[in-house]
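Below are two complexes that have chain A in common, paired first with chain B and then with chain C.
This part shows the complex of A and B:
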């Protein structure tokens, strides 16, 4: 799983889509709903189900962070699954600060 | 400034290039090391139209007032900004050449610069502007804008925005309410930040409204710290309330304020209100006479409501740019879409109030800038002079290019949250 900046991923088990903004410092699997995410252009694998332990949902427009590897992803479509890296749920970054001058 | 004095400065008979020179905006347009540039639009005629709607609306509500057009240049005047050609006066936006035209890119937030590698590739430690210039060169505007907006970046294709005949749109949300019996000043809850929304609130205060600026403790209006004198111009006379939008109790208090307000002014995107449970549908159901002034980049409704945009990039997107001798675009004025939108929003709010409320005033930066871009100028005039002073000649009139100016100081802004206890007490 090449989590390069700009790479786009979709959940295997819900509507969630995400764009990688910051790559991880070491290789890690990006997951949603308890299953590895798949590249946006690939087919979803059949027979997978949403893991109830990873069903807190994802929110459009929020930035999600894995503190351990620095992986940062922007949710480009919300869904029912929880975004995670190697089983660690990602945390929502604080709302973007407003610019002090534009 | 009195009505008479304004007429003396901006005599309507003057041709567009002369009024552009006198406005203080021309001095903010052009290369740093060259002459100020003309604009191919009669911008001050558009400003006259926007101001006339405010003055008419205020008079209709029994609160006659005048609007001082120096508000167009006051941020630059008070913070010492100057023209920088294809870099915005504020420094955060640039005009960049793409394969099929020019792109306006604004990166004012730290998170924006971090998103550039995801947008256009390039190293994570590289100067983002080098990555933008290289990444834009071979690519088409439509793709650059779609992908940039997908990453929440403020990007626009120069001159591709819609011309609009109306500076704002009014959407009927509820039946309205007859408020003519009450002699109380209208109550305005101003949740907006930065420039356009706060200016709208300040113009409504000048029209006799009682305005309460409500800020989130976790996301206060950064202008207070960044440009205190400019902040005073936009906030003097408003009460200041600080609430914690993450606290359920404070959300109940905010909802109570919205149910009692005559006008609410916002500058966040629709999804921010949806995530707080403050959708307009729910608020209008409890307050059918409300006027909700929604400041957005490209409009409140539908997919456009997700777009991010600021004054410089949206103005350029609408085509409000000057050109150098080689036909390449240059930024015009300082964040020009911001003050235009503040004026348009105030006029729309007064019109909606005059009709009994029940409207969402869809006040987008793109709409106000597109409205201004519908006023064409028939001549550029002739720019002459040198470093010791530039002048413009047109149709037998000559005028010196005026420096940016600010409206006179009318008092200090209230300290952050100074009125929280008193306002909440009155709401009980």
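This part shows the complex of A and C:
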């Protein structure tokens, strides 16, 4: 799984889509709903189901962070699954709200 | 990350929300996405290369920005205010390209080799054509998003290269996705060929704030649009703000809907911002500092900073009204000396910056270092709390007998004199000192040079006191408010015929 900046991924088990904003410092699997995400253009593997332990949902427009590897992803489509890296749920990175400048 | 994805996210989730134009005839995010797609199909069929835009502001600007992005081609807005010869020279540099041109400007740019012209009215019609909307587009790897020709105050315009990753990083690190309330509307009056005109398209769309474009700036049009459209947010360059304030005062207009006004693109004279704060107490003011090569803003002086500074008796706090605030959290900023050594607080040097939004690149020339640091060619210093004071372009710093003298500081002092309407301080060649300090002054009522010299000498060191004063009816500015110091230097340094 090449998590290069700008690469786009979709959940194997829900509607979630994400784009990598910052790559991980060491290789890690980006997951959603308990399953590895698949490249946006690839077919979803058949027969997988949403893991209830990873079903807190993802929110469109939020930035998600894995503190351990620095992996950061922007949710470009929300869904039912939880975004995670190697089983660790990602946390929402609260944007430091900036006054409008342009 | 591709900037087209930003529009996809918004159009996919809020297709019916108003995106562009006056509230009575607005274009929705869904419609913007459809037009951009049809525009891309149209341009692709016409030829290869950059998508050039020569025309006034309007909803067609964002359509063209995103159409270029969908095609993976650079978007290159050109300055239609240039004289025909210069405009044609820049256009020739974009070849091969397809140029969307305002109908009444077509004749000015006809016949440039390698450039396919498309009248704006034809482009607009094609964007509404169902056949184009249904057209197929190939997936592209995003690369160069925007080519912006810098204003050329220091020579032949350079084409700054902004890639999708720079602009997308700027947008997602500074704007909350759909963070705007539905009643918010931004008035964009900077022209399409200014970095703020381009970034306003992207941040407006991603933040969900309706964008109202002023076709071209006049104070009357600005105030009338702000009132009619109940504008809540706007960005202006310093020369615009002074003229808007004059008009507001003359009309007794207070802009009750306006919540935030940001300014940038040049040095803001302190009396103007003080007047703005007094006249519009309900407005949150933001000073945004950035360069084309940094994808717009890299430091901001926020509304609270403004309020604290204006209310403070502490000179160190008060003077921050003349700063550009603190660097964005998403990037690093340092002041470095001539040999690259970091400078301590209070000491001036060159402003260096590093971050994901920093391009620091021109066509054919990269100024950004391998470690990601970019020398801005701006001179500045940081105070104890990290507020950045920008003194101007490094090339404008006057070196008199080995002493570095910043024109901005002397200009501020002169501008505070009651007779001084406008002023530029420049360095002129001097046999003894290398350079001497000269001031070009617009005065009303007239004032003696010696009076102004005393005024400066009492407030600054004698080495900073101009040795020559020139009086002029006006100073030369380009249309985005940048003082053309080079033109003044060239004029005044020329040998005077005996």
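Couple of notes before you dig in:
What we mean here is this: the second predicted complex is superposed on the first by the 97 of 102 C-alpha atoms of A that agree within 3 Å, B and C clash if a C-alpha of one lies under 4 Å from a C-alpha of the other, contacts with A are read in each partner's own complex, and residues count from 1 in each chain.
As a convention for this text, a contact is a pair of C-beta atoms (placed from the backbone, for glycine too) under 8 Å apart; a residue touches a chain by one contact, two chains touch by 3 or more.
Everything quoted here is computed from the prediction, not taken from an experiment.
In the superposed model, A:63 makes contact with both chain B and chain C.
Judged by the touch definition given at the top, the superposed model places A:43 against neither chain B nor chain C.
Applying the stated contact rule after C-alpha superposition, one finds that A:77 touches chain C and leaves chain B untouched.
Of the two partner chains, both chain B and chain C are touched by A:6. By the touch criterion defined above, A:21 reaches both chain B and chain C.
Common to the chain B and chain C interfaces on chain A are residues 5-6, 19, 21, 60-61, 63, 74, 76, 95-102.
The touching residues of chain A, counted against chain C in their complex, run 5-6, 8, 19, 21, 41, 60-63, 74, 76-77, 95-102. Residue ranges of chain B in contact with chain A, taken from their complex: 79, 88, 90-93, 106, 108-111, 114-115, 117-121, 124, 150-152, 193-194, 218-219, 221-223, 225-227, 269, 271, 275, 306, 310-312, 335, 338. Per the touch definition, chain A reaches chain B in the complex via residues 5-6, 19-23, 59-61, 63, 72, 74, 76, 94-102. The touching residues of chain C, counted against chain A in their complex, run 1-2, 5, 8-9, 12-13, 139, 142, 164-165, 168-169, 172-179, 186, 196, 199-200, 203, 207, 209, 233, 235, 260, 262, 264, 284, 286, 288, 290, 296-297, 300, 302-303, 328-329.
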